[in-house]
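One structure coming up, written as structure tokens, with questions to follow.
Here the chain labels run A, B, C, D, E and F in written order, and each chain numbers its own residues starting at 1.
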Amino acid sequence: MSDIVTEFNEYRQRMNDKILADNNKVIKRIFNLDTNAFAEGALDVKTKELLGLVASMVLRCDDCVKYHLETCYKEGIPKAQVVETLSIANLIGGTIVIPHLRKAYEFWDALEANN
Amino acid sequence: MSDIVTEFNEYRQRMNDKILADNNKVIKRIFNLDTNAFAEGALDVKTKELLGLVASMVLRCDDCVKYHLETCYKEGIPKAQVVETLSIANLIGGTIVIPHLRKAYEFWDALEANN
Amino acid sequence: MSDIVTEFNEYRQRMNDKILADNNKVIKRIFNLDTNAFAEGALDVKTKELLGLVASMVLRCDDCVKYHLETCYKEGIPKAQVVETLSIANLIGGTIVIPHLRKAYEFWDALEANN
Amino acid sequence: MSDIVTEFNEYRQRMNDKILADNNKVIKRIFNLDTNAFAEGALDVKTKELLGLVASMVLRCDDCVKYHLETCYKEGIPKAQVVETLSIANLIGGTIVIPHLRKAYEFWDALEANN
Amino acid sequence: MSDIVTEFNEYRQRMNDKILADNNKVIKRIFNLDTNAFAEGALDVKTKELLGLVASMVLRCDDCVKYHLETCYKEGIPKAQVVETLSIANLIGGTIVIPHLRKAYEFWDALEANN
Amino acid sequence: MSDIVTEFNEYRQRMNDKILADNNKVIKRIFNLDTNAFAEGALDVKTKELLGLVASMVLRCDDCVKYHLETCYKEGIPKAQVVETLSIANLIGGTIVIPHLRKAYEFWDALEANN
């Protein structure tokens, strides 16, 4: 059975593999930094994921939002905290953010349905 | 019969209902403000819809453009005025706006075909 | 006596002259198109200036906002219409637009003080 | 004695007063929502301020960054947490964010020097 | 046989024809300028295509990226040069650019598969 | 004697020192990647600088534009090539780019005047 979560993850993984196989040093290091930046430090992992989510939302990047929503979900962040994060994005980024809010809700529902 | 106008509106309505059912105060008020901001005031409704259209276009938000195109259409704004608005968006926003211009023309055609 | 309106216009004129003196065909034509796009057509000049203003605002370009505010002022567009245009920009673009709203109010005051 | 913190706050207050005195309903409500959105809810005030900071940073809004830096400072958020938030903004937003990182560091120093 | 390259080009051509048939002077001239700006001048065509590619990438416009990737491919620009251009976009634009990097790799593969 | 080039470089250096002294691993690596990405590879240094310039321009980052203009100048890239790069940015990014074009011309003049 296919769904938007599986579809997103499979495409993401397949293309990331292709990109990294190309061995461009700058791109590879940026990918590595991504792991680093969201690891526990002065801030815990959950807070960092919410930071990643709100930044992706105001920059209106659906795939980035999906990625952070899934990590939030896996980290067990309550939906109420995710929604407050989205509401801050909506206020800061304006109504232009609403179409991405719709997709975020749809993806969160799919995450819950899958589990 | 399905088409891009119906598809857009059904998805939009379904997801808006889901978002508003969540009862987040900030998000609900932003949705309410949207109705307020485009109501007649010092400027008439038609002018406000064109303002919404040009802003959506330069911010390159296809769903926002579709929404304002449909309202423009329902308000009876002539295509010539819509196109001039799009041309200003194209000049201010540059050629990066052109892919969204293509989708705008496609949606306007669908609006005309539906009626 | 110097003020922010005069300062803006003098810098703008001096640099535009320098840019156009360079005779780059693409740049010169874009500058010419600017005059064209805001001339009366299916839409009147006032509506077009408000379109330019809202687009500049959501794209958060202070100098572009100043330019369109001055033209709005010269065209005799009432402040109430300018403010409604700014409010639509604020809603669509979010609170990130507020710092540019502050500068817009400051510039409009200077336009009124100068006359 | 004048400094960049005082200067920022005085200009911000003076212009906000002017904007709100104009009584535009949409703008006033957006200003009110701002207070609401950052109040304690499912997330605490500190986390919300960091969300506001990272969003302002990737959207490259210096004045918004200053505002959230000051609130972070007043809330007693440790510099190490602020810097990790800035580092996530830098990674997500790219090197284009660096000039705003410089101004953020300058403003944080001024906040510390003032106290 | 259909593929993402053919599909992209057919949609692009069909909609461009529709847009240009409308005879809006501003839009037509912007389309013409596009041809002009990428013609050989002080810079050769290959360099200009890479400039178009990096600009499209940091502005996160998938269709613009596809267009410039195809022109790069037709101009015989080696993949290594295209990838270095994409890596600069990724660094300047940040991880928010990565989803568009995935689509760029997918489209380049389709260009190679088609030939 | 002070000028906009010296002023820009001194502020940039002073703040970079402060940022790097903070030893945040993610930020330090992004700064390091910047050096890497613009080193000769499949593309020569001059082409890469023009890529950096056009990307900075369409993203409307004045400080990034200044940085790349200065490197272009030091690399001996002819003004005609710089201007063609700026013209492509103006076309892709639209008239919203013009205020940054003005500052770019002003900075290039200062670079020439300083030498």
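Just a few scattered comments:
Definition applied: a contact is a pair of C-beta atoms (placed from the backbone, for glycine too) under 8 Å apart; a residue touches a chain by one contact, two chains touch by 3 or more.
Just so we're clear, the structure is a prediction, and the values are computed from it rather than from any experiment.
Note on connectivity: the fewest chain-to-chain touch steps from chain D to chain E number 1. Considering every other chain in turn, the ones in contact with both chain C and chain F prove to be A, B, D, E.
Annotation: D-F is the more contact-rich of the chain pairs A-C and D-F, by number of C-beta pairs in contact. Of all residue numbers seen at the chain A-chain F contact, over half occur in both copies; the interface is built from largely matching residues.
The most distant chain from chain D, with centres taken as the mean of CA atoms, is E. Put simply, the chain farthest from chain A by mean CA position is C.
Chain B and chain E have centres, each the mean of its CA atoms, that are 27 Å apart.
Chain B and chain F have centres, each the mean of its CA atoms, that are 37 Å apart.
Centroids of chain E and chain F (each the mean of its C-alpha atoms) stand 23 Å apart.
Contact of a single residue of chain F with at least two other chains is seen at positions 25-26, 30, 33-34, 37, 55-56, 58-59, 64, 83-84, 87-88, 90-93, 95-96.
Viewed as a contact network, the protein chains are fully connected, with every chain touching every other. Taken in their complex, chain E has these residues touching chain F: 30, 33-34, 37-38, 41-43, 47-48, 50-52, 54-59, 64, 78, 80-81, 83-85, 87-89, 91-93.
Interface residues of chain C, counted against chain A in their complex, comprise 58, 90-97.
Those residues of chain C that touch chain D in the shared complex are 60, 83-84, 86-88, 90-91, 95-96, 98-99, 101-103, 105-106, 109. Put simply, chain D touches chain B in their complex at residues 25-26, 29-30, 33, 36-37. Across the interface of their complex, chain D is touched by residues 11-12, 15-16, 18-19, 22, 24-27, 30-31, 34, 55-56, 59, 61-64 of chain F.
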